[in-house]
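Letters are used for the chains, namely A, B and C, taken in the order the chains are written, and counting of residues starts over at 1 for each.
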Amino acid sequence: MRNTRHAYRMAATVAAVLLTATPAFAADQSVALVLGVKGSPFYQALACGAKAKARELGLQLTVSAPDQFAADSQIPVVNAVAATRPAVAAVVPTDTQALIEPLRQLHQRGTRVITVDQTINDTSFVASRIQTDNEAGGRLAADAMNTLLGGKGKVLTITQPPGSAAQDAREAGFRAELKRFPGIVYLGPQYQSDDPQKAAEIVTSTLSAHPDLAGIFATNDQGAIGTVTGLRQAGGIGRVKVVAYDAATAEVNALKNGSIQTLIAQTPKEEGEAAMQAAAAMMQGKPVDKVILTHIVTIKAGDTATADRYEYQGNCP
Amino acid sequence: MSAIPLLEARSVSKRFGHVQALDGANFSVYPAEICALIGDNGAGKSTLVKILSGADRPDTGRILLEGREVALAGPLAAQQMGIATVYQDLALAPDLAASDNLFLGREIVRGGVLGRLGFLDRREMRARAARQFARLSVRLRSPRVPVSSLSGGQRQSVAIARAAMWADKVIFMDEPTAALGVAQTARVIDLIRQVRDQGIAVVLISHNMTQVIEIADRVEVLRLGKRVARIDKSAATVEGLVAAMTSAPAREEAA
Amino acid sequence: MNWSKSAAVRESCATPDACATDPQQTLYERLHHFAGGGWILILLLVLVAGFWIARPAQFGSTYNLTMLAVNAAILLVLSVGQTYVIVSAGIDLSVGAVLVFSSVASAQTMLWLSGEPAGTFGTTSGGWGVIAAGLLVAVASGAAWGALNGALVALVRIPALIVTLGSLGMALGLAQVLTGGVDVRAVPDLLVTQVGNGTLLGIPMLVVIAALVAIVAAIALHLTRFGLQVFAVGSNAEAARRSGIRLRRRIVSVYMLSGMLAGLAAMMSIARFSTTTINGHAMDNLSTISAVVLGGTSLFGGVGTMMGTVIGVFIPIVLLNGFVILGIPPFWQTVAMGAVLILAVWIDQIKRRVRQG
């Protein structure tokens, strides 16, 4: 029957493609990187930094990422990576608790585990943690906000719901530092789950409730983009000062055209590179620091050179 | 033909808003006969059938079953009294097989514990369905395929066979061959005759006068919500029927 | 009555009876129907074989095959409920949100019963009694949402798409209200170690639970009066009503079943992740629908098999797993998953048209 033969041919083609897709390399040479989510400028830049450094060090690197920044989406990916038994796995854990068991399984199967950017509650089996000092970043943001507002005004934070260690730390640092500025009224955090649309809605409704809102701190790139959109809809660009974490391309553009006044930039490229360097050291049996910090930078409006230098570069082969 | 009608409507009236659908209408059908109910559009045929099969209630008037007055609470109550309707849409579940359709709402369960849990006795359902089809000389392309893949005539046969299975007195059929081709129509007409021969009265609503003359034992004519003529088979002609439908005398003619 | 639609979607028939073209059903046809009646099983086997041959030690390792089943377990339980709903010609978009709400209600109950303060990390010492109470709360809240869905669909006659979209928002929102957006992270240790990571005769407990649910649901759907009436309602609701089937009762019970299974899945989720996952399960509703459709169930209702759903659940999971093991870049994975979904349904349609002659 024509259709059966047709289908068999299709099946054979699929099988052939799978077989020749990628070579199977020796497990003890390979490094796996699992990002927090697909399509994020920050994680794209991290991956680019890692890929470049891996090539330089001669490491076999595979990069994977889940569809959503959530444990139930990421764990099947981590499980699949564990099945390949890489020598080292660098993972951005999307939940401080739920990822403990899957990462422990990785470790039990002989892979050395590095956590990148985020962390988990039980780090007893984690060979190295690469992170930024998010709390310090939050404090830097508060200082910048204070400068922009001249010491007084109402301030809102737009962040991820609690449970993401990095974002929690940024908001905590921001809140703590704000206490030093008595003229600033902190309206507290509002939550959006990496949804610029939701962030925009939060901004417009907050402005309706508090027309005298003076400043917004967005703890990540998605929140920043949504904040700018919301301000544009409400006609608050320039009037409401924005301090945003991360330096994705959209944010850098917003800084250049005046929608955002200050950026707190991380260095995802550096985090990716650090992960690869740690992996290489581990594979050579050299000692590695338990905690590796990468630095953060405050970029003020008008400082185009720094903005360009720290912009998250997500395009790489 | 016995003197007492099997099912009778006396002076039934029904109004929908401004429209008087039935205005003191009468109707009678006797056991083991095919009675055609004809009338122009808007004459009140559907309303009358709905009331007689329990799908609606009259404003005034009486319904008598085997001479005794009854109040039909709903179509299911009517079915329990032996009255069923095969509507134009057939009310079959297209993805289910013929035997499943026959037992829709009356599925046979196994005995014992399994039965109480609701386990079906498919073998028994299939066997009884086969007997019913044989009784009515209905031959299906296959009893196991979904009824949607049967021809229009066979689907009609399944719907009629189902009505005949659960209603032992009167079956109303609304335009049973309207959508069928010549060969299928002939088979369905045979089936309708078989149903009558089983002792069940069939009330046929049809716009096809030739067909009415061919199969009906009697014809009752409705016009503007009233019965205006009762015509026996021997006296029926196409012209006569059309005339009765469209130009009614002031009073009802005697049977 | 739309006869053409059912003629086109005729395969994956409602009952074993309604399948064969010959009165005498051959063994081949019986197996064929059992396997979801489509190319889906073959596609799954081709994928598994392909990945296995490409990476035998990795894809084919016991660890990986076990994790595939574990990753499928929660989604399978949800998809079982969705199968019933879709067979009845409905749809349930609220499954993921009801899962989240039930997990939150259950976790908070268990935490409260075990006497530890909120905000605790790690696991609690709650015993099986506490866990049983949590399960009761989870299933009961799932049933409540399901009853709401069913009542709005059957009694108030709002389209199921709108109703379940609304209850999705309400359930998720209420879950966030109950917790302030913070996941409950202190769950009974027994639940995590014995159910989440435990095994029964070497098979992970979660897989055992999912398999039992699927088997019981399959038996109920294909062999009982309840199941046949669900098919009837999906095939022609008006005909079912006229035949005396209690239409509204059936519809409400189908949505309640979906909700209760979401509640069970919520417990499984807590056991697996040792936390509630308020921000997770966002795409579960679409995943269950595509699993059910991949498995050969018609979105118009009246036609489908539970086995098909089981296969449909595994296809995206095997795909993701194989792609990650092969190291295919993440964006290509997304493209490929979409293509496979279309390809699978397309092949199935070709096959049906051929059968129709």
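Just so it is clear, a contact is a pair of C-beta atoms (placed from the backbone, for glycine too) under 8 Å apart; a residue touches a chain by one contact, two chains touch by 3 or more.
All values derive from a computational prediction rather than experimental measurement.
Student: Any chains in contact with both chain A and chain C?
Tutor: none
Student: Which chain is the middle one, judged by CA centres?
Tutor: Chain nearest the overall C-alpha centroid, as shown: C.
Student: Per the contact rule at the top, check every chain pair and give me the one with the most C-beta pairs in contact.
Tutor: A-C
Student: Select the chain at the greatest separation from chain B, using centres from the mean of Cα atoms.
Tutor: So the farthest one, by centre of C-alpha atoms, is A.
Student: Report the inter-chain centroid distance for chain A and chain C in whole angstrom, where each centroid is the mean of the CA atoms.
Tutor: Here the centre of chain C sits 31 Å away from the centre of chain A.
Student: I'd like the Å distance between the centres of chain A and chain B, where a centre is the mean of that chain's Cα atoms.
Tutor: Spacing between the chain centres: roughly 71 Å.
Student: Taking each chain's centre as the mean of its CA atoms, how far is chain B from chain C in angstrom?
Tutor: Spacing between the chain centres: roughly 43 Å.
Student: Any idea which chain C residues touch chain A in the complex?
Tutor: 39, 42-43, 46-47, 49-51, 53-55, 58-59, 61, 63-64, 67, 70-71, 74, 121-122, 176, 180-183, 185, 196-197, 269, 273-275, 277-283, 317, 320-322, 324-331, 334, 343, 347, 350-351, 354
Student: Considering the complex alone, what residue numbers of chain A touch chain C?
Tutor: For this pair, the touching residues of chain A are 1, 3, 7, 10-11, 14-15, 18-19, 21-22, 24, 35, 38-39, 62-65, 67-73, 75-77, 79-85, 95, 97-98, 100-101, 105, 109, 121, 161-163, 191, 193.
Student: Enumerate the contact residues on chain C facing chain B in the complex.
Tutor: 1, 3, 6-7, 10, 13-15, 17-23, 25, 220, 223-226, 228-229, 231-232, 234-236, 238-240, 242-245, 302-303, 356
Student: Using the touch rule from the top, collect the residues of chain B that touch chain C in their complex.
Tutor: Spelled out, the residues of chain B in touch with chain C are 75-76, 79, 89-97, 99-100, 104-107, 109, 117-120, 122, 126, 142-146, 148-149.
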